[in-house]
Structures are given as structure tokens and as C-alpha cells.
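What follows is a pair of complexes built around subunit A, which joins subunit B in one and subunit C in the other.
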Partner chain A sequence: MSNANNVFGQAYSLTVLTPIIDGHETELAEYLDGLPSGDESPLAGVHGTHFARWVVIDDVIYQGPDQGPREHLQHPRLLFTSNFDGELEPYLEALRTGLGASADTIWGHCVGYPGRDEPAFSRYLRHHQIDSSLFFAAYGDRTVEDVKRSLAVRAQLIDFALRAQGLAAPDLKAAFLQEFAA
Partner chain B sequence: MTGLDLDRIQGFVVRGYRLPLAGFIFLRIDDASRAAAWISQVTNDVLTAAPWSQKPASGVNIAFSYAGLAALQLPSATLASFPEEFRLGMAARASLLGDDGESAPENWEAPLGTQDVHVLVMISAADRQALNAHDRRIRDGIQRVGGLAVVADQIGNALPNNVEHFGYTDGFAQPEIEGAGLPSQPGDGAPLRDGKWRPIRAGEFILGYPDEENVEPEAPTPDALSANGSFLVYRKLHQDVARFRAQLTAAAELYPAGEELLAAKIVGRWRDGTPLDLSPEQPDPAIVADDHRNNAFSYASDGDGLRCPVGAHVRRANPRDSLPFEGKLVNRHRLIRRGIPYGEPLPDGAEDDKQDRGVIFLCLQASIARQFEFVQGQWLNRGNAFTLGEDQDVLVGPQDGPGPHKMTIPGNPPFFLGPLQRAVTVRGGEYLFVPGINGLEFLAAAAAS
Partner chain C sequence: MANVEGKATAITVLTPIKREGPLVLWAVFWAGRHIKETLKKLEQLSFIHYARWAVIERFPDEGDGEELGHEYLLFESNFNGTWDQYIDAFSEVVPLRMKAIWGTSYGFPGPLPVEPFKEYIRRNEYVANHYWSAYPGFTTTEIISAEHVEAALGEFQAHAAELEPEAFKRAYESLLITIQHDL
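Up next, the complex of A and B:
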């Protein structure tokens, strides 16, 4: 894999395409559908994740005018994509430890999944990694922690602006310093 | 230009009747073959989009929920061909629409949002007498045929001068539909680069005609059922007028330009309807009175929202050319609006009388998911598309999630309106299919067999 195709700023885009064991795609899709979001998501425990998802691809879809013979997938695939902070190797380790049993449930439906022992786990994902080529990271040069801190400042500032609106200049200054100068 | 089969499209899809009264009757189908007989009879009464020489005193239109189509015992393949959001219904889409708290489906007026709402009969009328006469005719017909039960009804009544309950004149902007043969008003269609406008392709609203992608929109099968049809959203929105006025008055104490400009900034139009973009300093009755001017604006020269705030209601609901690609994507998210207020107005300065008043929001489109749900869920309830962060629409945003809820009014200095409380509560709603005349005939035949 060349970093040029997978890195934007300090963000890395990991794309992994694994073959699903025939007949397992429905059960896998139902499990993924049932995963909680927000803080309860298994991805919440994987430090440095900007955005990640799993998608069951059961066929290649073509929309448009007929262009002759259509290609189809022989076997369904599981797509895993993640944009995260920093280097690939530490992130694969974060996936291994952070996802816990969810990793086994998900990739256990895929051909050849070796479980979470090292180095087999990270070797498996690297073996099925493909270049991302083109990806979008809204804040590629900022880490997840940076973004969360900035959002907290933004919320604090909005809250302050609402409270402080209409204050005379000296009072506004005093209130601002009290809120933000610490 | 694509010709529309106006004789086979229900009239309110193509044109607003501008009749001041509406009667909504919700029916449950208890017997499919009797319901078929009733559909067959009422089809002759349905007002179509055919041009009229004289405006009728009243007219009726009919729509069906998914539960209603299922109760007509259509073949399962036909039922399955309807879009997912329609099959699920509005109540099931509550989290996507922000219908939580007071607006949550468990707090809706029965039977809205349940499997008991099958058919909606909509009567529009010029006066009480005409409404009552038509209402009686419909109910007599139902009684005579049997197999149908009235489960709810609702009256809508326009307020003087076409205002809604918060005091804004409403109903200016409507998408101009290609081939409808109605007078063209600048600003209604799709924006072009040269500042002119063109009509929106009919397939954005009516099934069986090319849409903005130049293909026929996805439609249920067979074509005999779907062609000339449309999807309708019925949404009863209670307006807490006293709360809205109190929020506005309290905020205006800090807003140097005064309460009326603040009210205009929230909506993007002055209360009399003057677009802020055209007259940012004061209302201009001459603009309002001129159909060639009262909707003829874009946001091209106001990217920062100094005249019309980026978060103003009309700009969120129809961003025109202010989103990327010269607004081309906006053309895929337009709504035909046919709403009408209900309840009596709260007099100026009056205490909260706790009366039920608001608007029966109605909109028509080819895809409820792509049009109504997208506009409500992405543009009104979220700020992302406009880089407005967590800001929600002041009028119909749920003001839920992490606060404080505010609207930014750009200026030097900017003004922050908030913290906002929900002033509009959903009292119930339904997703409905509005068949063409051919579709009504199909339903009558299918359910009779």
C-alpha cells in the first residue's frame, strides 16, 4: 500500500474488503444493523477514529443506460472503511483491543478470519486492504481530540454569546475574561 | 415541453385552489369490495387538474395510506413496490424527522400514526355552506355503500389576508411545474445562471413524467396505478403563538433594529411577505402585490446572509442558488405546499388561551424520502448543509439535542437569538399516495376482484 493513496493531512484512510462466507451475509447484515451508535458503538472504543463503517456488498450495482453484459460478484464482500489519526499499525492494534468481541462477530463471518491473536489479526486486515485512492476527511490535519476540543470551545462560546448579549463593553470584557482567561 | 395528462391528475397536485376552507375526513376500510365500490363512485367527484373556466365552489381529492392500500388487498408485489418510507409511515420515521418529546408519535392525536388511517378525503370550499354540502355528500356516499368508517376529521380555515398564526403572510413560493400551463412567476422554478428561472420537471412531483435527472422517478407498479400519482405528506402542526411571541419580544429587547426586523430575519420575509433579499430595510407592499416580484430573488449576492440570514426559514427550506452547483441539487428537494391553518387566531397582545391552533402542513412530491424528509431532517433540523453547526430552524426545528439552541443573525455585530424553545409541535401525521384518476380506477377494479 502506498501512503500517497491513503493519507490526507495526518488522517489515514483504511479500506478493507473481505470475502463473506457464503450464506452468512444476512446474519452479518442484521448484526451490523443492530449495532448501537454514539458512545455505545463498538467503534467508540477505538481511539482516534474520525469515521468508520461496515457495509455488506452483495453485488455490484450499475445504474444507467444498458452497456452490454453486466458483471456480478461471485461472493459477497464486507467493506470496512475508517478514517483515523496517525499510522496504520497502531490503529490496527487499537481495532484489535478496542472492538473486542465485536471484531470476532463481524469478521468471523468472513473467509479466513484468524481471530484476535497477534500478529494474525493485523496481518489478516492488511492482507485484504485495498488502496483508498480518493477519500474525504473534513479535518484531515486535526486529530479527533482536536476536533472535540474545538467543538467544546464553540459550544462554550455560543453559550457565552447568548448570556453576554447586550452587556456594556466593560462588563462584556470582564465576563469574557472570567469565562475564558483561566 | 412534456404535456401533462391534466384530466387524470388530481387537481390540488398541480394548482393551489386558494379556497379558504378545507375539510379533512380520515376513513378506515373495513371491507375491501365495498370500499372499491365507493372509490369507483367518488372518482367521478374528484376534482382534476383540467383547466376550469370558472373556479368551483368546492372540490374533493382522495389519498391513501399504505395501510389503506393493504386493506384494499392489493397483490403483495404491488404493495412491496411502494417506497420504504411510505410503507413505514410518518410515525415510524419520528427520529429522522425530529418528532420527539411533545411531538413524539405516542403524544399524537388518535388515530393519526396508527394502522387505522386508510383514506384521506380532502374537501376544499369557498364558504361554510359549500363545505357542509360537500361534506354531507361525501358522508352520505360512505354511509350508503358501507365498508368504510370515519375515524377522524379536521377543519382547516385560511386566516384573513392569508397569514398563518405567527402573523406571517404565507404561500408565496411554489415550484413552477413544467407543462402545468399555469402562469409563470420568477423565483418559482429552478434558478439559471443568467438570473432567470425555468420550470421544474414534472417528475419531481408527478409519477410517470421525466424528473430533474431526466428519467421517470421510481414508482410503484403497475404504471396504471402509479402514473399521474403523487405522494402527500399530511402533518398537523400545533403553533404555540403565545410562546413564539414571548420569545420574540424578549429577544427584541436586545435587538437594536426592533421586533419586526427580528421577526423578518427569522423567516426571511417581513410579516407582510416582502422578501428580505429585495427589501432588507422595511416591508414594501408594492413588491408583495406584484406576483412578478414577490418571489423573484436569489441569494447569489448575499452569501453571508447579511440581508436574509443563512438560517432564515425560507432560505433553509428552499436554499435556491445558495448551495453548491448553482442550486442544481436543490431542484431535487422541492416541495409543492398546500397547507392551510386551523383554529382561531390569538388576538394581538392576548394572554395564552391554550386553544388548539396551527397549520395543516401538506406537501406533494415524487419521493417523500428525497423531498419532505430530506428538507425536514437535513435542512430544517440540522445546520450542516449551511455550515450552521447545531442550529435548527426557529419555526419548525424541534430544538432538541445538545443546546443551547440559537439562530445567528449575521451583522456587525451579529445577533444571537436564543435559547430557543420548541414553538411548533407535531400533533400527528400521515404519508399518503394520491393516485391519478387512472390509479383510482385501478384501485377500484383491483379491490373489487
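Up next, the complex of A and C:
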């Protein structure tokens, strides 16, 4: 169920670790490595995502004899993490619909992936979820839209301030009101 | 392989926790969530967008999860700047906290000197296969500055239209001075 430690402000930290089908880790890693970045990334279609990543974890790393006998994962794992806006359930739905066929291609390499039918898809991700112990967000009360809007406003004001240098008071006021009409 | 997206860098670290570690971590993370000073320190590290720690008792599978010989500590961060600057800052600004957290993991050499610490992180780090940011061109500081600018501009706009031109100009210039460090 919902764990408060996953949340900071309105931001949620999702961590999902799914076992990769034996022998599929290279193919999965190559597929993920080859995904386009930026607006072409499948994650660009998942509303509310600030930052997200997929990481193929082949095995755990041995720290030497202090640790005792060497440990190995029975199956490699796919780590998916996301820092997103709002509640978990709507976000899982955003993943399901936003990733589309990419979700199947990626998690299709994982043991027990049921496909994108609901409620199986969101149940699968929740079953493999790890709760955060400590989550920090520098601007956890700001949604993706908030951040982008603020950045655009800042850019607009910088641009205006440069253009408006030296304007007499009446012209300045008129130009400002035109630029920043409510 | 993509630990970098625009100005953002991803770090993903997974380390085995010593036997007594989980209890210590429980207390350290409890303090982290409840003592405001802890978060203030993180805010001082003004280049972190989002970071998390998670304790993995069992690696999830179709059943009750796969139990290894130890529990594992997962750390992920999204920050701007270089990897070296990031670890340097951890080492210099919050060394005690780094020791309290990673000191519960096997093999941690301590936060200082920084070179063995970096070597430890490098050895236990996984490179992201795909990394995505909604605003890759911007740093944490720029985002927080933009929030200040938008708020100040909003206040100014609320009464700007009512001001006489000369008073408007003075208020406008005063606005720019107030937010000059955020522009």
C-alpha cells in the first residue's frame, strides 16, 4: 500500500525491480541502449515524469571476504525508477498508456510480465516495487508543468528586460502590459 | 549506455549492507525524514534534483522475493554537474551523513579522503541503459530561480496596470533588482 516514504511534497519516487528472463539481459540492454533520447524517448509520452531510468543489473557486486561467501542474483534484474507527480495508481496507468508497445518490449524480457491488460499490468509493477527509505526532491511541490511554465516565464522576462532597456516610462508600461497580458 | 541527459547526470549504486546495518539505517533515515537540518543540508547541495535511498530486503520475483546473504542499499540521484563534482561535494559537505549511510555497507572506505570514496562508488555503480529528463537543459538552481521569478512577476503583475507610468517604471526596476540573481 502507499508508503509515505516514497513521497516528498507532491513528488513520488517509484522503484521497480523485475527479474529478467535468463539469457535475455543482453538483448534487453541493447534495446534500452538504442532507445532515442529526449522527445523521442518512450518516456516522453508518460505524463508527469520528471526523471526516469532503466538499468540492467546483471548481478550484485562482491565486496571481498569481509562480506562472507560470494553472493549472486538468481536472475539479473531490470531496475526502473521514476520521479513523478502525484499518486502511484494514476502514474502506473500513465506508464501503461504512455509507453504503449515499448512497455511490452521492455518488460516482456522479464519473468511473469502479463502484458498491458489491467489490472495485471499495474499489479505486476506494484508487486515488484521497493519502497524508498529516504526521498529528497529539491522542488517537490512543483509538477512538470509548473517547472516548464516557470522556466518559460523566466526566459520571457529576461528577453523582455533586454528589449525594454532604455524605454521611456509610458512605452515601458505599454510594452510590458502587451507582453505579459493576464 | 546513458548516464547523462543534457545537463542531468544519473547515478545508481547498489551495495550489500552489514548485518547490523539495517537497524542503523532505519535510525539514520528516520532522522533524515524528521530532522529538518538534514534536508537543509541536501538543499545546500543545490545541484540535486531528486535523490533516494532504498533498502532491499529481498529482490522481488514472482513469489516472496529472492533473499541473498545480506540486504542491499540502493542509491539513485539525478543531479547537474559532473560526477566528480558530485562526489566531491558529498565528501566535503556531508561527510558524516555519508559515513552514517554507506558506513553500513561492506567495503566503504569512508568519505575522506575522496579518492578511495570515488573508487568505491565507481566500483558499485551501474550505468543506466536509458535515462530521461523532462527538462534536460536546466539545472536545479535554474528551476528554483525560475520559480522565484514567476512568483515575483505574478505579484508585480497583480497591480502593475494600475500604476502611473513613472511609478510603474520604478516598480519594474525594483522588480528586476529584487530578482536579478534569479535571472
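In this section, the second predicted complex is superposed on the first by the 159 of 182 C-alpha atoms of A that agree within 3 Å, B and C clash if a C-alpha of one lies under 4 Å from a C-alpha of the other, contacts with A are read in each partner's own complex, and residues count from 1 in each chain.
Please note the rule applied: contacts are C-beta pairs under 8 Å (C-beta built on N, C-alpha and C of every residue); 3 or more make two chains touch, one makes a residue touch a chain.
This is a predicted model, so every value here is computed, not measured.
With both structures placed on the common chain, the touch criterion links A:Ser37 to subunit C but leaves subunit B unconnected.
Of the two partners, subunit B and subunit C, it is C that touches more residues of subunit A. When the shared chain is aligned, subunit C comes close enough to touch A:Ser133, but subunit B does not. Using the contact criterion defined above for the overlaid structures, shared-chain residue A:Ala161 touches subunit B and also reaches subunit C. In the superposition on chain A, contact of A:Gly45 is made with neither subunit B nor subunit C.
Residue contacts after overlaying the shared chain place A:Gly86 against neither subunit B nor subunit C.
Contact with subunit C, but none with subunit B, is seen for A:Val111 once the two complexes are overlaid on the shared chain.
Within the superposed three-chain model, A:Gly100 lies out of touch with both subunit B and subunit C [touch as defined at top].
Subunit A uses residues 154, 158, 161 to touch subunit B in one structure and subunit C in the other. For subunit A in complex with subunit C, the touching residues are 5, 11, 13, 15, 17-19, 29, 32-33, 35, 37-38, 41, 43-44, 49-57, 60-61, 63-64, 66-69, 71-75, 77, 79, 81, 83, 111-112, 127-139, 142, 144, 146-151, 153-154, 157-158, 161, 169-170, 172-173, 176-177, 180, 182.
Of all residues in subunit B, those touching subunit A in their complex are 253-254, 389, 402, 404, 406, 415-416, 418-419.
By the touch criterion given at the top, residues 154-155, 158-159, 161-162, 165-166 of subunit A touch subunit B in their complex. Touching subunit A in their complex are the following residues of subunit C: 1-2, 5, 8, 10, 12, 14-16, 25-26, 29, 32-33, 39, 42-43, 46, 48-56, 59-62, 66, 68-70, 72, 74, 76, 78, 105-107, 123-124, 126-136, 138, 140, 142-147, 149-150, 153, 157, 160-161, 163, 165-166, 168-169, 172, 176, 182-183.
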